[in-house]
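The two complexes that follow have chain A in common; it is paired with chain B in the first and with chain C in the second.
So, the complex of A and B:
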């Protein structure tokens, strides 16, 4: 695609921007994220210890910590063994989510391009997509299972259904965000639909693609978990179910915490890639008003 | 007349369906010679931009005939024979200044002439900003990038649609003198859309004064002032004569419309 990689040979002007603006913003967002995390953990701990819920079923962050890191707190005795048992479970879910995300992003990108190219496709496909969007996934899931069986393909389809529509609408909005003058410019130099798409529309859609990706990435984790919960015997979703039926509550709560952490990590990864790709190439969107306007 | 520049014969452009039709351009006929600077001067809504877009092959006349340097606008466009700049700079924010100037090469599928792009960047005084992004520049700098981009393919024809229309007066005047210099170096057949009377007189060989609704040409003024025209020339009696003449025609065009 037509993205410029002039980042390393910037003039004085953008270098100044780089050394002042980005780190401060990064530090602030890191600190606020850490504060939020501590607050959530504190609330979790306080609610469970002060309530009358059975401590046998309801576990606190400290219990999860003990399950993960303290020898003898649960079986197997060694905490390292318990952690080692979790690794393949997490790996399966990560695999399901990753395949699902790739599936969803690809389908959404292709869908958005087709929609932007053809008004017939828009008229035919958009209502169907909208209707499908309103059908609860839990109602569709058995149908998908009946058709595709258990396997990574079904996991990918479930994840793709969750992410496809919002991602496609985001990308589509991005594709049509190019100014009329820019489109005119491409025509003025004899450029056709293909050049317009490649050199103008796709690069213009990148910020909205990433905005959609930051929502889609954590959503695929929950979609993968849902698939495993319903149709599979592996991964976080399936193990949530079995740990519950074996009344292994420390494991159950640990798995819940791991699932949440995985969804947050998926978001953070999407945000990181967004920053790596967009910053310095695209106009900053969240800068302080007084810093706007550039150098003139 | 020697080699033809732009040639318009009974050009009319109507928009809309039959029952709600709007005539944007009505029966425009004019000729210029190759290498001359023509301004389309008129109030907003007089169809001057529509006229320019038709010459550039971005729109087609309902009736009438247009050729530019002997070519149809369609062939002129597909042959990448012209450069164009709009009021909206239409720069791609993710491309650096240099890569924006190179964009016409990409669109035309031609190899980038790096030395020429270097030269263009220094001609518009932006060689130090080649790696900056458009959103880091001032409005005037962005329009300079747009002008450099318009010249990228060494076009023999230049279309300018109010290129400095969004800028403040100081910057605008400054860029007008730069434009005069660039134009005289490139010898391009130029058509500029403007609503600035002094700007039109400063730059043009011919000024087509237009009136609105329907857009038509009131008269064509041939500006016979020596070049290069300098800032001091703008206070000369000859300069004022042309400004007054254009003002009269513009005013006549508007009063005529109100009377009818």
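So, the complex of A and C:
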């Protein structure tokens, strides 16, 4: 694949040719992501090695690497065993976050469609939704826990509630972003409300849906792990707590790195799907993640 | 005149109806599904009861010290985040190739799960320190601040910037004379969004803090341990009100100090 001159935004290559090659924009954003990651890891390493905090408690990226990949560096002697112990813990959190995201996206889409179809519903509930989307509901996790109790799905429900309002407002903004000309065109050809929604509004809402998803996907990881930390005995959150109380610091720092990596992976996945879906339908615009409703 | 007023009156009436419907539904759920046989309230207490308790809480100096403890951590975090965003924004103006990296730092701040960051902040800070609350407030605010600052610094028209260059000014001159002024509206918009986020970030931090016994987050957890549901909802209500007050406070300061921004930056 020819990378250098492929798909630069300046060239007027036909769509089909461009879609085969990796756009330069993607390479730049990949390189800058790698640079940021290296910068963060370097900062982490430098801060720990220059500070006066005991190296027994404070671990560096190299320690985490040794925990994950060097035999004999920590308690289960084989590094493969240590990695294998992490898998079920990660799986629980991924399950909580994924179910929460599915609940949240479904409810938010339904809510946004209702708000877009009915002007009465919009007038009644939009003001409240506008207020609630700026309230980071993650701080209310204990209240949500009190209502739903401890159960397999409570972490997912916390994650869904935390992401609901910002997502719904994003999708709603997208549904109402279709140009008046397009709407008139549908009406002129005799299209009804449903056709307008399906063929015009929902496609027009995709960019803002993804903008919302890029914040919501990592936010569900954050909400799920917070719930696990505070109220349950499973998942990354709970193990962060127990490894700290057992003074198993290499494991604690590894779990911290894994949890942050999981949230960033959720973001990257949303961004990747966005790029795949939108690159064929829209001019290559980059959406910004939603500016409000940072739930973390 | 009347034709102008009536749609607005209708909108207000519908908005009030919406609130009434939610409160009514809440009341029905609370009374039918969450009231125990002995008449005490369960996990969803009725709204009137919550409001009464919130008012009662406000008469208690303990709640005021809790709210102010959380608010002061939030304020410190908010200030740090705003300052950091301004510095990063100026750096991007001077070294444009750092744009993506700075945006990525904002994304990492927004994505980093609180349950992962908090234990290590607690580990590295002395017992009783409010560093977790401050850190989470910074993380909650940083991304919207960076986006707002960058958007603002770029809002100067190219002819304004060209003028500075034409008179022999550098990019640094352009930042000081033109870009900072152009940035005010969207920085204020970011500051408004950041205020509630900082308060609730600081509150979340108190869930993790060790040796800290003041703050609304601690109050919320302690009432959860004893199963005081009305108290929990009252705290959630008070915390939401304080964070909304933060939003309104920033908006008011903005309107007084930079009146030309009052029409911009609210919500789209």
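One rule holds for everything that comes next: the second predicted complex is superposed on the first by the 250 of 296 C-alpha atoms of A that agree within 3 Å, B and C clash if a C-alpha of one lies under 4 Å from a C-alpha of the other, contacts with A are read in each partner's own complex, and residues count from 1 in each chain.
Here, a contact is a pair of C-beta atoms (placed from the backbone, for glycine too) under 8 Å apart; a residue touches a chain by one contact, two chains touch by 3 or more.
What you see is a predicted model, and the numbers here were worked out from it, not measured in a lab.
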item: First, second, both or neither for A:57, with chain B first and chain C second; value: second
item: Contacts of A:105 with chain B and chain C, given as first, second, both or neither; value: neither
item: Which of chain B and chain C A:199 touches, first, second, both or neither; value: first
item: Chain A residues touched - chain C or chain B, whichever exceeds; value: C
item: Contacts of A:190 with chain B and chain C, given as first, second, both or neither; value: first
item: A:74 touches, of chain B and chain C: first, second, both or neither?; value: neither
item: Set intersection of chain A contacts, chain C complex versus chain B complex; value: 294, 296
item: Contact set on chain A toward chain C in their complex; value: 28-29, 32-33, 35-36, 39-40, 51, 53, 57-58, 120, 123-128, 130-131, 134-136, 138-143, 145-147, 149, 173, 215, 218, 221-222, 225-226, 228-230, 236-237, 240-241, 244, 249, 252-253, 255-256, 259-260, 262-264, 266-267, 288-289, 291-292, 294, 296
item: For the chain C and chain A complex, residues of the former touching the latter; value: 10-11, 14-15, 17-19, 21-22, 43-44, 100-101, 104-105, 107-108, 110-117, 119-120, 122-124, 139-140, 143-144, 147-148, 190, 193, 196-197, 200-201, 203-204, 207-208, 217, 220-221, 224, 229, 232-233, 236, 239-240, 243-244, 247, 267-268
item: Chain A-facing residues of chain B, complex; value: 56-58, 77-80, 82, 84, 86-90, 92-96, 98-99, 103-104, 106-108, 128-133, 135-141, 153, 159
item: Of chain A, residues touching chain B in the complex; value: 2-4, 6, 9-11, 13-14, 17, 179, 181-182, 184-191, 195, 199-200, 203-204, 206, 280-283, 294-296
